[in-house]
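As C-alpha cells, the structure follows; a few thoughts come after it.
Chain nomenclature is as follows: A, B, C and D, assigned in order of appearance, with residue numbering initiated at 1 for each chain independently.
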Amino acid sequence: MLKVDAINGYYADLHVIKDLSLRIEKREVVALFGPNGHGKSTLLKLLCGLQHPRSGSVYFNSEEITAYPAHKIVELGIAYIPEERNLFGDMTVMENLNLGAYNKRAHGSISQNLEFVFEVFPRLLERKNQLTSTLSGGESRMVAVARGLMSEPSLLMVDEPSIGLSPSLRNSVFEALAKINREKGITLLIVEQEIRDALSMANRVYMIKKGQILFEKPAAEVDIDEIEKAYF
Amino acid sequence: MLETRELSRSFGKLAALSNVSFVVNKGEVFGIAGPNGAGKSTLFNVITGNYTPTSGKTFFNGQDITGRKPYQICQLGIGRTFQIPTTFHTLSVYDNIKVGSTFGGQTTHPPEEILEFLNISHLSSLPAKNLDLYSTKLTMLGAVLATNCQLLMLDEPMAGFSIVEINQFIDVLKKINKDWGVTIVIIEHLLDILIGLTARMLILSNGSLLYLGPSSEVTKDRKVVEVYIGAAHKEEFHVES
Amino acid sequence: MKKITSNWQTAFVTVIVIILAIYPMLGPSSYLKHLFILFFIWSVVANYWNLLNGYVGINSLGNIGFLAIGGYTSGILSLRFGLSPLITIPIGGLVTGLLVTLFLGFPALRLSGIYIALLTLIFADTLPSILTQTRDITGGGMGLHEIPPFFPGMEKVHAYYICFLFFLIAMLILYKVIHSKTGLAFVAMRDSESLANTLGINRYQERLKVFAISSFMTGIAGGFYVHSLGDISPTTLSIEPFLLGLAMIELGGIGTFYGPILGAGAIVFGNEFLRLAGTLRLALLGALICGVILFYPGGIMQLVEELGKRIKVMLNRKKVTE
Amino acid sequence: MESFINAIVSGLISGSLYAAMALGLTIIYGISRIFNFGHGVIALIGAYTAWIFVQNSKIADMSLLLGILVTIAFLFLLGFLLYRYAMNPLMKKPNWDISTVLFMLGLGILLENVILQIFGPRVKSIPVFKEGYIRIGVVQINWHEIIIIFIVIIAIILLNVFFKRTRIGQAMRAVAQSIPGAQVVGIDIEKIFSYTFGLAFVVTGISGILLGTKYYMNPHIGWEWMVKGFVIVSFGGLGSTNGAIYAAIILGVVEALATLFLGAMWVWPIWFAIFMVVLLIRPQGILGGRA
C-alpha cells in the first residue's frame, strides 16, 4: 500500500532521515519505535506532504506521491494525526470534525463517519458544541484522532497518540485505534513511546535509530530487550 | 550553584513543568533526560529567562534570578546552547565568537583563546553558514563559552552526531569542565551517554520530576524504565513473549 | 582573496570620491550641481533609513517625517530668529532625535513587526495637519521660503562642497556604527534573535540607540536640505518623497552599505528622465519597487556582486590558461 | 442638545462606513497575516469602476447594480491573481512581512497613478441611492444614509454566514487558526489565501463604492481612507472582524463629536492620540487576542 524508497529528510539543517526505506501492507498495523530526536516525527511529516524529502521516493498504491502537497495526499486517503494536535481552537468540536471531512473523497460518508466517531468517542458527542480550546488534553487528543478519521482515510498515521494521557484515557485511545483497524479496515502506522501498548496491537514493528531502520520484525518476534538496548 | 524551587510553567491549560526542584553543585556535570514533551527544554527556557515561570523560583549562587531577561542571565554567568544548531549564519566563526566575548559580561574570553581551546582556529574566517553540523555546534558552544559563563547549559548538544563526533564532543565537554572549572547541565536523550558523562541526573516526565539521583542507578529505577520503555509490567511481558 | 577584493573596493571608492571632488571644477551647469546636492542628501536619508529597515529590521515608514522635522526646525530657527545654520542644523538634528525617540522610539520599539510600520507611517501622516495648524510659525500649506543659505552670498558650488562633505562624514559615521559593537549586535540579532539574547545582547537598548542615531542624522540631513535649497513645504511629506526614498533602498539593495547610495544616484538622476513620462512617473516608480521586490530582491548590489563574481571567474580562467 | 444628537447619528453613519472599509483589511490580516498597504487604492478601484457605470445617470438605477456586479468580479479576480503571482512567492521568503508591505505600497501607488491617468485629478462622486430624508424627532436622516447602514449590516451578516456556514469560509477560519491543522485535513492553503484576497478585495471595493456615494473621491483619497482603516483595525485588534466594527463605530462617533466641539482639524490628532494610547496600553487592540 505504502512504499518508501531511500528517502532523505531534514529538520532545520539537521539530516534526520537517512536513506530510509519501508513498506506498509493493506490492513496492517505497523508500529514505529525509536528514541526521540531520531526522526520518527519527521518521517511522518515527509509521508504526509507537510515536508518533502530531498531525495528518494514515496509510493501510495503504486502512485508516486513524493512531491505532492499535503492536501493532495489527504485526498488520496492518507490521514496524519500530528503529535501537536493542531486543532482549530476557536471552533467547536463539531466544526473541527466537519473540517476533517474537507476533502472531496470524504463528502459522501460524513454522516456515517460522524456516527462511527461518536461511537468510538462518546465523550465527544457530549462536547460537540464546545470550543476545542476549552477541552482537556485527553479530549483534544480524541478530537485530533476523530478529525483524522473524518477524512475517510485508507491509511492513518498517528504520531504519539498516548502522549500526555492518563493510563485509562491511553487505553481508550488504543482501543479506539484497534477498533478502527478491525471494523473499518483502515491501515495504521503508529509512532509511539508506549511500546507495550503499541506492540500489543501491531502486526509489524520498525525500529528507527539515527534516521535509519535498525531492524524490522513481525511484532510477535520482537524481544523487548532488543528495543530497550536501542533506546538506552 | 544553581537551585530551582518548585518551578512551574503552564501554557494555557497544559502544565509543561510542575514543581520541579533540584540543586546543581559547583563543578559538577549534571544530566537531564526524559521523553519528548517532558518539559526539558521548557525547564531550560524558564531558567535562562526565555519564559517566566508560572510559579517557583530560581537561584544562582544564592541570588534570586527568577524573571530576569535572557541577556541579564547571561551577564550573571549562565550560558546556554540550543537544541537546533543556531549560529549567526552570515558572520564568520570568529565574529560569532566575538559576539559572545563582546556582550557577555564584565570579564570575557578573547575569541582567539576560544578558537584555540576548541581547536577550530582553522575555521576562523569561514562564514558560519558554510559549516558542517559538528563545527556549527562547536561554534555555538564557542560563542557561549566566550561569555565566560560559570554554568553552561546544553540542550541536546549531540543530536545528529555520529559516534565519532559524540566521543570527540564528550572530550571537549570534559575539558571545559576540568580545565576551566565550568559547571555543566546537559540535556541528552541517550541515557548511556548521559550515564557515562554525569555523576547525577534528573529525569522529567510530563513536566514533573521522576528521578533525581546518582546516574549509575538510573536504569535500576522502576519508574524510569516504565517511562522510557513503556513496559509497565516488564516481567509479565517477558513471560508473554 | 578577501584582501584583494577589499583593496579593489577601497581603490574604487577613492577614485569615485576624487571624481566627485574635482567635478564642480569642470564647470557643470548649475542644474547638474543641484542634482548632485540632492543626490548627496538623499544618499544620507536613504542610507540611514536602510540602517533601520535593512540592517536592524525596525520597519520604519516615517523617515521622511524625520527629514521634515529636522528641516523645519533648522529653517524656522534661522529664518525667524536669525541664527546661523551652523547652530540651527545640529539643533534640528537634536530636536528630531529627541522628539522621535520620545514619541516613537520608546513606544514603537516595544512593539513588533507590523505595528512599528503602522505607527511610524501614521506619525508621518499626522505631521501635515500639525503644519497647517501652526501656520504662523511653519508657514502652513505654503511652507517656508527664502531660508538663509549656509552663509551669506553662498553659490551653488559652495552648497555642493558643503553637502559633499556632509555626505562623506555621514557615510563615515554610518560605517563606524555598522562596524561598532552595536552593529555587531544587530547582525547577530538579525541572524538569530534568541542566540543573540543568550549571549548578553540587550535588544531594546540596542534598538533604541540605532533609532536615535537614524532620526538624528536624518534630521541633520533635513537641515542641509533646507539651507542648500532655500525652501521646504508640506509637499516634503507627500507620497512622492516617501516613495523615492523607498525606491532608493529597494533598487539599490536593502541591507547593504553601498546599495542605497547607488539607489539614490539611480533615482535622483533617473527621476529626471522619468519626468519625460509626465504624470506616469510615480506609477513607474511604484512598478519599479514591485518589480525589484518580486524579481530581483537584491537590487543593484546583487547585480554588482554577480558581475564581480563573473569577472573573478574570468580572471581565474585567464590565469589557468596562462 | 439637538446638534449633539445629530452629531451622534452622523457619527454612527460614518462609523458604519468606516467599518465596511476596515473589514477587507482585517479579513486579509486575520487569515493570512499579510498587512495590505495597498488597501486604499483597492477601495478606490471599486469606487471608480462603479462610477464608470453611473456617470451618465442622475440617480442610480440598474446601471449601478450592473456596475457593482462588474466591480465584484473584477476585484475578486485582481485579489486572486495578486495573491497567486505576487504574494505567494513573497510569502515563502524569510522577510515576507516587510516585503509584502513594501510590495503592496508600491502597487498601491502604481494603481493610484494609473487611476489618475485614466480618470484625471478632478473630484468625482457617485450619485446617491435615493434622494430625500426622513425626520425622527429632532434627528434628520437622509434616505441614502439609511440605505448605506442597511447595506453595511447586510454585508456583515452575509460575511458571518459565509465564515460560519460555507465550506470555503470555514476553511478560511481554519487556516487562520492553524496552518498545519488546515494542511492535515486537506485544505489547499494557497488556494484559500487566494480566495481570501479575492473576497477581501471585493468587500473593500464595495466599501469604496459606499464611500464614493457619501463623500467625494479623487485619485489620492484612497491613501486617507487607508490610514483611517489602519487606525481602526489597530484599535479593534488586528485580524478581529468584530473588533474592527466596534472600533469603527467608536471612532466615527468620536470624529463627529470632535468636529462638533473642537473643530474638524482636531479629528486626526485625536485619532492619532487614541491610536498611540491603544498601542501602548493594549497592543493587541480592544478585542484582538491573537496578535
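Following the convention adopted for this analysis, a contact is a pair of C-beta atoms (placed from the backbone, for glycine too) under 8 Å apart; a residue touches a chain by one contact, two chains touch by 3 or more.
As the structure is a computational prediction, the values presented were derived from the model and not from experiment.
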Length of the shortest touching-chain route, chain A through to chain B: 1
Chain of greatest Cα-centre distance to chain B: D
Chain pair showing more contacts of the two, A-D and C-D: C-D
Centre distance in Å when chain B and chain C are each reduced to the mean of their C-alpha atoms: 44
Rounded Å distance between chain C and chain D, as computed from the means of their C-alpha atoms: 33
Separation of chain B from chain D, taking each centre as the mean of its C-alpha atoms, in whole Å: 50
Residues of chain C engaged with two or more neighbouring chains: none
Chain contact topology (line, ring, star, complete or other): ring
Those chain pairs that satisfy the touch definition: A-B, A-D, B-C, C-D
Complex interface listing, chain C residues touching chain B: 2, 181, 184-185, 187-188, 190-192, 194-203
Chain B residues touching chain A - in the complex, by the definition given at the top: 12-14, 35-37, 84-85, 133, 136, 156, 159-160, 189-192, 206, 219, 228-234, 237-238, 241
Of all residues in chain A, those that touch chain B in their complex: 12-16, 35-37, 83, 133, 136-137, 160, 163-164, 192-198, 220, 222-224, 227-228, 231-232
For the chain B and chain C complex, residues of the former touching the latter: 48, 50, 69-71, 74-75, 79-80, 82, 86-91, 95, 98-100, 102-105, 125, 140, 143-144, 146-147
Residue numbers on chain D that touch chain A, as the complex places them: 167, 170-171, 173-174, 177-178, 180-189
